[in-house]
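Chain naming follows the written order as A, B, C and D, and within any one chain the residues start at number 1.
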């Protein structure tokens, strides 16, 4: 009963089946295959626009490569202080961009506020040769705090970025959870809201290891093939990445899986929030729950073998996945209730 | 009937089955799982030495990361002029090392000769601050020409490298084909012959996308975890890389698959070499055949739908894989014979 | 009457004379000359320890090269939020280190407080492969705010850094002003206080363009020659850098020049602080003065042709140099007084 | 009597005087000064075209920065195998470009032949994602062998480069010697012959340390200010670089100095070539002489205290400078003659 992360889950049966099917016969290598061709068509349909698609295997690769396409070595990239690209990628964006600087901004519930971004960009010494130059904004959707930007919120931030000449990247490692939560068109919360490039994640939501860098402005992707290759992220047997992603977006699987994860997080939140002393830290809008619980309850849950992170003292992070069992959720809540009553 | 490359083949059933099995249940992420633990034990047994093992998904990643562990930004890396790291990785070694220089050396049949290496290293301006400093030797096994270094040949080259203070890397994208060809212990042609780090390939020989960086000198790997992460090659669901590699080395699968590929190349070579005007270019010691054929034969094979590369004018490259069908080999030879007689 | 910066001043006559003298005759290039040899001896004497010395031409080069010797590409470098390396070098440290991350910390009067550093380092996820690893502390002496760390303050910060495994760099672009202010031995505020490498600045204090990277732990400098050369900072006619630096430290010239600049800043501070509405922002301990003045006074000074920066709204930065004329200081104060009385 | 290199010479009196003069008074920093403004005007006049000018202090900086403006990290740069950028800059071009690959080509007398370049570019796998992409040609003028490209030769090579989509850089560390030798307009052998960017050297020909990166296509320089700053080559007291360069091109000083050096090389060549057993290796067209002499003559010259490099066995390299004394040349020739007569 492991709520450590959504990446502790295995792969969805549909995706495994797609891999097995894709393995039949020979196929051109390095992306000249049918799966990759179809994937581009499918994502273009999904996003209601001709997009350029580059499958890679890790979210960090998707992010770092996308940012390198947007920011020169002397650029700066604005992001939330808790953004994965800043806090959890060991400098991959710096490596891939050739040394661009990340500018971390604070924001409640994991979200950047327009005023914060605006103030930071006003302060930035544009055209001043001694300082890195604002080049990109990176938004995380869903955020590291388990919250979700609305299309209007994304649009407001993108508009500020655009006014200052920045391009907009979206880290969508949990994009499915966000879209399932919003119930909007994927287009509404991306290019229609000003996003130029999306890291479209599948790994956390049922793939084995597959993400797609999706360019809404295809001109930005002119050199991307070289970037991906020299970063060692061009797969020879590309069909095995594309097949995962194709299955992922076929028949709404991605939203189906994410919807389940979201509901399990909701159920967990509802159950735990009712306990005495429980204090949710952020709104639960996707598949992550941050909640403060009394120490004896936490210790008891740990002793009972439930897996989760202590985020900060008495605050827990619990993450649900595409295959989290409702029984496990209920068991955790019941155990916590017993401990709480105890 | 595609002989373009061994990477046009799909994945071996045993490896697909291992993926499906690995997908059951939750597992710790980022390599703290059982599959990765077992893989290290298995490779240590296979190589008769405690090794440090880092799974990655592409051969270029394995090579570039390994080289970055051996060469500083002001280092130089000696390799064959046709080495994949020099000719086919779009500068990945340069990116990962922070700008080290590759020094390409000529050599017949894809192999470096001791005298050539020795002469190049004698010429190198060691300690001269204006020049990059020799840091590593990279050998490809099996070579780009489909030939194989014997343990004694590797040892001779490594000894020269070592005498000049260089570390030794082996690009083993087709290591299985080489070992199957040599019939020796994997240890004999690696660390016992002076190799420090091996890119142990599986992708071309039946995996979907999995390679292991194997450190024989584990001290060299102290920082490797950081290098891999910031290069975006640390998989969250690592078990899916390790499970591929574990299946690959279980019950000799890797040598079984490679042995088949080698035999098919041998059969192709025997069949084609007998034709009038045929001139094999290199000895066929692994799963690649380079052969000059009369132009009408080549054109006829192309017209008949056989897939292969024209390497250089009338020289073809034909590559066999773990699942190349003997019937396809025979069909190609028969067609060529008919064209030749025609 | 230009108080924009100390780099608007020309070069001291002693230093120009040294250049002219050094130009006589031929000399070995790239640092194998007598001036460079003597410089190392002089700096070893000055610092009461055998040091390794590498002249370069800009402060940014000294800093970025020194930091690259201390931090790996996956390292992090702790510094004040206003540090030149973070705010004013357009990412040079990122370029030279290969992508290390700077961690800006707040601190009053331009100085880091031990508690702030300690807390930041406690929070740092050491050994966590997803995060950059704390590698170096960089202190600016004198600070960007015109204040000076005492030897005890440097020692306290270095001790914290050392306890967490970090090396210590000092950006001494205005090191002379700091030492002239402290009246201590240069050793007391550097290696005796835990500093490993110093960017020993001369440009702002009377040189044309000359800085020395001074390694107190010479083992750290093993590869530095290669770093400097490939960063294009190895001068062929090195004698012209070394001659500047030699003259700079001969007969106490450096402290004589800095002492004058400091006194002029003091005089300026005393004069302006006495005005109604004047509010000094930081203690004036070196050659920079930050002071808030009533807007009409500022505007009047600007109209009268005095040069300075508006740092932030009504706060001015005024910088004095080795050759700032007392008459100019007095003129500025008198004008301000008249405007104030106005 | 040192013929080791032209960088063993000091600085020309006119340039030292310009430095001293430039030191008077205050001046805006970082290039907003009068000297820099005038320099751009002077070089625009000299080159008969509006050029963008960026002074730096070393030839390696000029070259590496210029190349970084022309080649992306996945680019390749074609040059002569003996080019300084390939053999003598310790990987600076690789560092500055972010890992571009240098492609060394052979060529007699230090010069690239059109056929060689053409063949290399025909072979280059353009648009092939696995290989670095041809981006720039770098020509050295005068060459490392002391020879000079004629305007027609430069134009022929540039035309080939241009046809393949490459930009053209000229390493003009000894540009003055080349132009003095050719007697042509500087424009004829640069932009009129297809050169996009020139490293305009002064250091070897009488400056202390000053080079200008000259962009003939000013659009290419849009980001150059950021590149120079973050490479730590933006001087705060820029006037001291610009003043050197201004004096250098005032009243034809640069050609006057280079002409002297060339004549001294010519005189040396004439004197030594007449000796029995002497074999000049390359035409002497600038200020370098490569000549094979009998071993007893070489040994005797060394014993007599003459300074030069043994380039390769019995081949000497002798370099003359702006201030080489004719008496020293004659003394060397006379000594050699006496040794030769035995």
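To be clear about the criterion, a residue touches a chain if its C-beta (ideal position, glycine included) is under 8 Å from a C-beta of that chain, and two chains touch if they have at least 3 such contacts.
Just so it is clear, the structure is predicted and the values come from calculations on it, not from any experiment.
Note on connectivity: the fewest steps through touching chains from chain A to chain C is 1.
With centres computed as the average of Cα coordinates, no chain lies farther from chain C than B. Overlaying chain B on chain C by C-alpha atoms takes a rotation of 180 degrees, rounded in steps of 5. Of the two chain pairs considered here, A-D and A-B, the higher C-beta contact count falls to A-B.
Note: centroid distance chain A to chain D, computed from Cα atoms, is 51 Å. With centres taken as mean Cα positions, chain D sits 42 Å from chain B.
Chain centres here are Cα averages; for chain A and chain B they lie 34 Å apart.
Touching two or more other chains at once are residues 73-74, 89-91, 94-95, 98-99, 129-130, 226, 229-230, 234 of chain C. Interface of chain C with chain B (complex): residues 30, 72-74, 98-99, 129-130, 133, 223, 225-227, 229-230, 234. Taken in their complex, chain D has these residues touching chain C: 2, 4-5, 7-11, 16, 19-20, 22-29, 56-61, 63-65, 89-92, 94-96, 203-204, 208-209, 226, 229-237, 240-241, 307.
Touching chain D in their complex are the following residues of chain B: 73-74, 87-91, 94-95, 98-102, 129-132.
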